[in-house]
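There are structures below to look over.
In the two complexes below, chain A is the common chain; its partner is chain B in one and chain C in the other.
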Partner chain A sequence: MTTLEAARAVGPGLDRVDAPMKTTGRAPYPNDFSLPGMVHACLVHSTIAAGRVRAIDTTAAETAPGVLAVITHLTAPQLERGPMTLLGPSPPAPLQGDRILHYGQHLAVVVAASPEQARHAAGLVRVDYEPAEPLLDLHDPRAAVVTNPWGLDSDRGDIAAGFAAADVVVGGSYTTPDNTNNPLGLMSTVAAWNGDSLTVHDSTQWPHNVRTTLAAVFKIPESNVRVLAPYVGGGFGAGLRVWPHVILTVLAAREVGKPVKLVLTRPEMFTAVGHRPYSAQQIRIGATRTGELTAIEHEGVSPVAMDDDDYEPVSACSAVSYACPNVRTRDRQVRLNIPCPGSMRAPAEGQGNFALESAIDELAHELGIDPLELRLRNYAEEHPLLGLPWSSKALRECYLQGAERFGWSRRDPRPGSMRDGRWLIGYGLAGVSYPHYQVPCQARASLHRDGSADVRSAATDIGTGTYTIITQLSAELLGLDVSRVHFDLGDSDMPYAPQAGGSGLTGALAGAVHAACRRLVQEFLDVVRDDPDSPLRGAALDDVAVSQGRIHRIGNPDQGESYTDILTRHGLEELSADGRSTPPQPDAAGMATAGAFGAKFVEVRVDPDLGLLRVTRVVSAIDGGRILNEKTATSQIVGGTVGGIGQAMFEETATDAGTGRIANATFGDYLVPVNADVPDMEVIFVGGPDRATPVGTKGVGEIGLVGVAAAVANAVHHATGRRIRSLPITIDQLML
Partner chain B sequence: MDPFEYLRAADSDQAVAVVTEDPGTSYLAGGTTQLDLMKDGVLHPRRLVDITRLPLGGITHTESAVHVGALTTMEELAADPVVTERLPFVREALLLGASTQLRNMATIGGNLLQRARCRYFRDPTVPACNKRSPGSGCAAITGVHRMHAILGTSDHCIALHASDVAVPLTALDAVVHIQGVNGPRAVPLTRFYLPPGDTPHIENVLQHGELITAVEIPLLPRQARSHYIKVRDRVSYEFALVSAGVALVQEDGVIREARVGLGGVGTVPWRAWDAEDVLRDAPANAETFLAAARAALVGARPLPGTAFKIELAQRTLIRTLETVSGAEQ
Partner chain C sequence: MDHVDVTLNVNDTEHHLRLDARVTLLDALRDHLGLTGSKKGCDQGACGACTVMVDGKRVVACLGLAAQYEGRRITTVEGLATNGELHRMQAAFARHDAFQCGYCTPGQIMSAVCLIAEGRAHSDEDIREFMSGNICRCGAYPNIRAAIRDVVAEA
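This part shows the complex of A and B:
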């Protein structure tokens, strides 16, 4: 396996190729699509958390102006649940009975000529409930418990012996609240049937999954379904699944025989497209007086919906972050009458890291060892579970270079010792070892006679920069200027791509594009293999390099010719090639495939009288492997950091105890950081290309968020001496 | 949202007459509360009378007062040079409220009449809300009520009056000028709002159809100093957990005149009369400020989610007093 040579197009901060489209309003997001004859759908949902629909009166709605159809469980056809996916089972099919399992469950879809008419009519649907007592409390003894839901519970060494050998043991109970993904773009679906063929515009992070699911649910061939998502207004995981509202839009379009558009409301975004579930965690860490970890025990429990699944192994991070001989991790889920949780940026890691890195900080304080030094003393040189060397790991450099940039050495370790007038100042640190994730991906590359290239894959760019980095990578792999490369995505008719999720898309897509572009160059060499007029005659792929629209022999730039010359001389309009990537196999490679690593350094100010907390500086030092575009990668980390500040200080989805209603389902009531809450954020990238993949990238989509909450909490402890174990950290927790 | 009629008023008399005669007709000014509540299905006016083109804007000044037309926007009032110089805490409260976009739309009259931010009031799927549906109960008392009131509450309603600017205006004894079918009247802001009691749906003394035409803000003596502090969960674009607006006149370290308003704690913009009594003719020192802060919160009725507000409000008031008096540590 060879990695790419020194960067040319790749690396520097090329402006986003889609920026002009977005900034001039020409980028078509799903809810921008309008089709001839299109009508509009609006949902009716349950206002109780458990029970059944005794009766549903649609008379007034059906006779309201503009209404074309009102579909309820009484009139909906039987729909099968969507298929198993890479991310687990599909959500339950909508309108398949009178049973209510959570607040916000869709009970009807109203279709009308205008969105306003649909909304008005939806308000006229009267539901008569037979309520049951809902299970809403994680600690309710009646709730079903799922143990070891993902088979990731781990035992290493002898945990009891580890604690027995410890001179110091710290521990505590940590909680993280429900958070809601809340991409700015309201999730939207436009569905149009033409006979048995279906076209769908959808706010999805995974067009092929939408295609596969809709084909299965509506019993038509996959080839009859086309799903388009060229632009998506953010996702943070909310677009990873084919949620029931997508299926209802498609169903409505079939029922009324017209294209139908559905745009979720902001309150619906809190109940219909997943959320990061609450977590209750117990963690204990033991160490010797000199700071060698002897035991880590971490247990997490999260709620899950009654009839759905969610991947949240919150304790798993504790098994792989430190070189500790004795580790025990356990996860459980408790089934409650809640809207389906789902992945939200850094699922599980975002919760588990808060407990682990808070506890490490507490241990450092107890031992009187600098928190940075304690982390270095227990540095995991090998993957702690696999016992293999990492494919790359520059976490040490993250710590050291981040500390240098931040000025960590200025930290007086005594809590409350640093102040500026009324403000107490605190420095906090957290480390992150993000797991590797990759699944297969495909791409197709074409070179045209005019010397331009098209590259395609059915991936999505949810604001991450995928358009830009793959354009750059393709340009480099084909030896073209970026202006000559057109990368297209977001169409299920394109080669298969996995979801934009798990920080796994860039690695998978870059690998597929790498394969496609290399194979495309091989195609050109095949054409001229026996061509007496070609200076490349007989050349093998390893003999050549590409630059400035030409293939030439390595070390002899004059001995080569342009793509255009080859195509012209052979009477060809274009050549194309397909490529695919598969995840690296750790055992075969003799190394543990690494995800990104990071160190987060945070400065806070606390007004102890009024409980005011300000994050005033953040330095994120990230090992993201090979960085394809420093500007978009930095933006990913900055955006993740803002999300982390939100998790640390603001975001908490509140649920009413009796009804399961979301009590703050608006942007006025569910707080996210505003600009004034966000300080200067510095990002530095350390390390180099990862050895496990041809392009050497490691995903950076999620690591920006992880560790911020722990670093803020640790900085708060440094400032105040108060250990906050429950997020978000609010004024009432900080009034000293 | 239900369909409604829209009528642009030709003059104030017509507007008042049209609204007064029909309980289903409401005024429309900046619309920053009205339209939200209509979209959320809380308000269902049959007809809106747009008063934004009536000559009710503009700010005029006398030796003793600032006369603010009801349609003056929050931004306009904040930019007024006399307010800036003589009533800085009014300007501060204005600029700490809402967002620039909202402040450019929202009017002073409308600000005083803004409705509760309570999510149980604003969600018609919640059956129990005495303010929206008299006699139905109060879901907030047993619900999520961190942003709710601790002063002036009743067993029927704990909704907060969330206006910032009303806090200093209450402290200043601002006067609300009102036009009705039977002519004009003037009501001091301190008597304008009604505590919820057992009629939380009645929030102020206005009869249906009465129109606020102006707010008259008395000026402070030239030597007065004032300040508004707003404590909230994020730095901007959020309502107060607690706030305090204080104006003091001091002579040789003794407080001669004190005006104290509290926000984030009251079902109405809260005038802290008892705190003023403590402060008046007392030395401007920590002991006085603590006594005033304690007096201000006497009678508070905290709930589990609002218990912290008593201490936070006292500390916020003390901080504001320290800042205004110049006794800040």
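This part shows the complex of A and C:
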């Protein structure tokens, strides 16, 4: 049902429409807002991971200069936990008791006239703990285990028979560490009450979720809450939930009767806004001598916080990636005294793909089959679980065109066989089948008498390019120059939009904008339906096309008129229309709704004496459906790849085994990729618009990250003969 | 708490401020002068988002107290454009899509402008090395280099 003409793909790379704001420093991020009379909050955290607050002495803090309030569990009002959301339960409400469940838990909020005074006073709060022994080890037998947490465990065929039929079985234990999202923007909240109305600037990826949650927690109508997030300093998942610090800021503002600003510190970003949890995985793959997969068995276990939830089905990727008749996937969660994990760019997929695609590479090596060829031999022409054809799938083209661009055929399969001077060279590959995700969305489009259009939806642009691509799409759908279209977002007073997450916003929002723009054109046709002066009189939507600010009959551009003429003749200032999108229903359409597919080709260099590892080339071949803007989509893939390089080589949040303290909660200690770590890259987009949605996009926010770790590890194996099964791949693992 | 009288010369304008002595240069710019283009990404001198130019050199504004910058010539991202026209580096960043969320961008741009002034942008290797104090978590590094190369080539 793709209704945009393929020939008019919006594609080519328009510069970001928000570039002037961002390059001049004028783009207002949440912590850039200052309000008259505003005061500042600072948090006090638990320094133990389990136990109780026996006593909390706030006397010195309360009498420190500038202090307006110190709120603890002893003085905080009763707050209900936020409501269930699309992404699961809200985090526990803060300051509701003396129980300590993790290191970094908020124990008090201090409000003072200046940030310096608030910080100083927060340091004066004295907490007397009654510590308990924390559960911090995934394998601790005392820890509660949640089996099949999301009902996604899968069984296909007969796994025992599959392994019995195998000539070769490979497998092993893989681990991925805790990673911390660390968007560069310190997550911040500015809250201002006016009577029982509330305005909040927040570093959120989902303004409506903040509105709904704050209305429920503070027992006010949703219409009394306005949440603004026109610019957000990244998120990578950290802004998906309404974290306790947001609620504390709003509470503080109510208590002191003034607007309050809270800016999290970088160390707080490690404990207060989620993280990608550690995973321990077991994977086994069986195949015939000729490389036909006979069995895949994949189990994953990850930690989850004591009184919270996280969606992390690590093994699920193994159920849908290959045409293997016998597959068994299992996931478990173990409850520990840790800061709550949460989605981090490509949750679950980023971890699970590392094990799956490493094991496929290992199998190829064992069989003596080229890793690319092995993947093609087991290509899933249909959705392996649903048994339906995909709504689109160009993974084969990803493999073939990516290989061509990369020069995969130059690869000598023997490990350690390729060198450049003393550097060992390795080529590695990984395939990615990213799941489809979409939830309902709304938008509103208006056309004014001057021929300009406004389009609005309460989405966010966390760097993804949403401002730009929706401006382009709206211009396309209304037949206007992009300079005549203003797309606005980031305000909960606008029509409902879901989160920027799950690679699902572009599809949902594009669908809603498509519906709104089509309905808007229909509104114009309705106005001239009986208008004897209109060349469009009596025309139906399917009879017309739009271009250059005009509606005209298809095939006869002269028979039409401009929006401006219609509005002027009928004495109207503007016309508006609402649109909504809902997720495609795969069964009804007889096809499996596809997410993006991709192939990552990586060249590494390893210094055999020093164990140095360098990523020197990356080619990403991506089937992202319709690409609305090649420039911003390419940036999504490049940026995801940089995140993947971080996962592969650098990032590991270190928890002190005895105390649960995050031991490296700074950018000096938690290593992220910097400029010198990242090579120039090539990105190619293959395939075409997806059939399941009107616009045919598939979402490319996360797929760039997935597969990088496996491709790097596979390249390391090719360079050195070492199979690294534990991320990040560090120098000590490569000393030869 | 002790206060200090400070005169800051920012973007060719003198500002007379009375500040809590603990106020950093970054917070003075952001909270007291309303120049919020310089960003706070770590407050520990490790991310580069607050990079400003002081007497022609790169400085991370979160690591110094405002009082230390009396009499120094400070340029922030707000002071780069002249007569409403973007600095070449700003235009190159837009052209090359050298940012995504945009939060690190003012710091990257200030760092890039200084890099060229320092004579450290002659090779790709130099650019990579000497831009490594500015973290871009969205991962726009290749495009940041392309923007800088472009400006170097224009010069």
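Methods note: the second predicted complex is superposed on the first by the 731 of 736 C-alpha atoms of A that agree within 3 Å, B and C clash if a C-alpha of one lies under 4 Å from a C-alpha of the other, contacts with A are read in each partner's own complex, and residues count from 1 in each chain.
Note that in this section a residue touches a chain if its C-beta (ideal position, glycine included) is under 8 Å from a C-beta of that chain, and two chains touch if they have at least 3 such contacts.
Fair warning: this is a prediction, and the values are worked out from it, not measured in the lab.
Colleague: Please determine, from the superposition on chain A, whether chain B and chain C clash or fit.
Modeller: In the arrangement built by aligning on chain A, the partners chain C and chain B fit side by side.
Colleague: Between chain B (first) and chain C (second), which, if any, makes contact with A:G643: first, second, both or neither?
Modeller: A:G643: touches chain C, not chain B.
Colleague: Is chain A touched at more residues by chain B or by chain C?
Modeller: Touching more of chain A: C.
Colleague: Between chain B and chain C, whom does A:E116 touch in the aligned arrangement: first, second, both, or neither?
Modeller: Both partners, chain B and chain C.
Colleague: So, does A:P673 touch the first partner chain B, the second partner chain C, both, or neither?
Modeller: Touch status of A:P673: both partners.
Colleague: In the overlay, answer first, second, both or neither for which of chain B and chain C A:P183 touches.
Modeller: Only chain C; A:P183 stays clear of chain B.
Colleague: Could you say whether A:D656 touches chain B, chain C, both of them, or neither, answering first, second, both or neither?
Modeller: first
Colleague: Which value in Å is the smallest Cα separation between chain B and chain C when the structures are fitted on chain A?
Modeller: Superposition on chain A places chain B and chain C at a least C-alpha distance of 5 Å.
Colleague: Counting contacts the way the document defines them, which residues of chain A are shared by the two interfaces, the one with chain B and the one with chain C?
Modeller: Common interface on chain A, chain B vs chain C: 116, 120, 666, 668, 673-677.
Colleague: Okay, in this complex, where on chain B does chain A touch?
Modeller: 1-3, 41, 117, 119, 123, 125-126, 139, 142-144, 147, 231, 233-238, 241, 308, 311-312, 315-316, 319, 329
Colleague: Residues of chain A touching chain C in their complex?
Modeller: Residues of chain A touching chain C: 13, 15-16, 18-29, 31-32, 34, 65-66, 114-117, 120, 182-186, 231-236, 263, 265-266, 462-465, 631-632, 634-636, 638-643, 666-668, 672-681.
Colleague: Looking at the complex, which residues from chain A come into contact with chain B?
Modeller: Against chain B, the touching part of chain A is residues 47, 116, 119-120, 123, 422, 609-612, 614, 649-650, 654, 656-658, 661, 663-664, 666, 668-669, 671, 673-677, 730-732, 735.
Colleague: Report the residues of chain C in contact with chain A in the complex, numbered from low to high.
Modeller: Per the stated touch rule, the residues are 1, 20, 22-23, 27, 30-31, 34-44, 46-47, 49, 76-78, 80-81, 86, 90-91, 93-95, 97, 99-106, 109, 127-129, 131-145.
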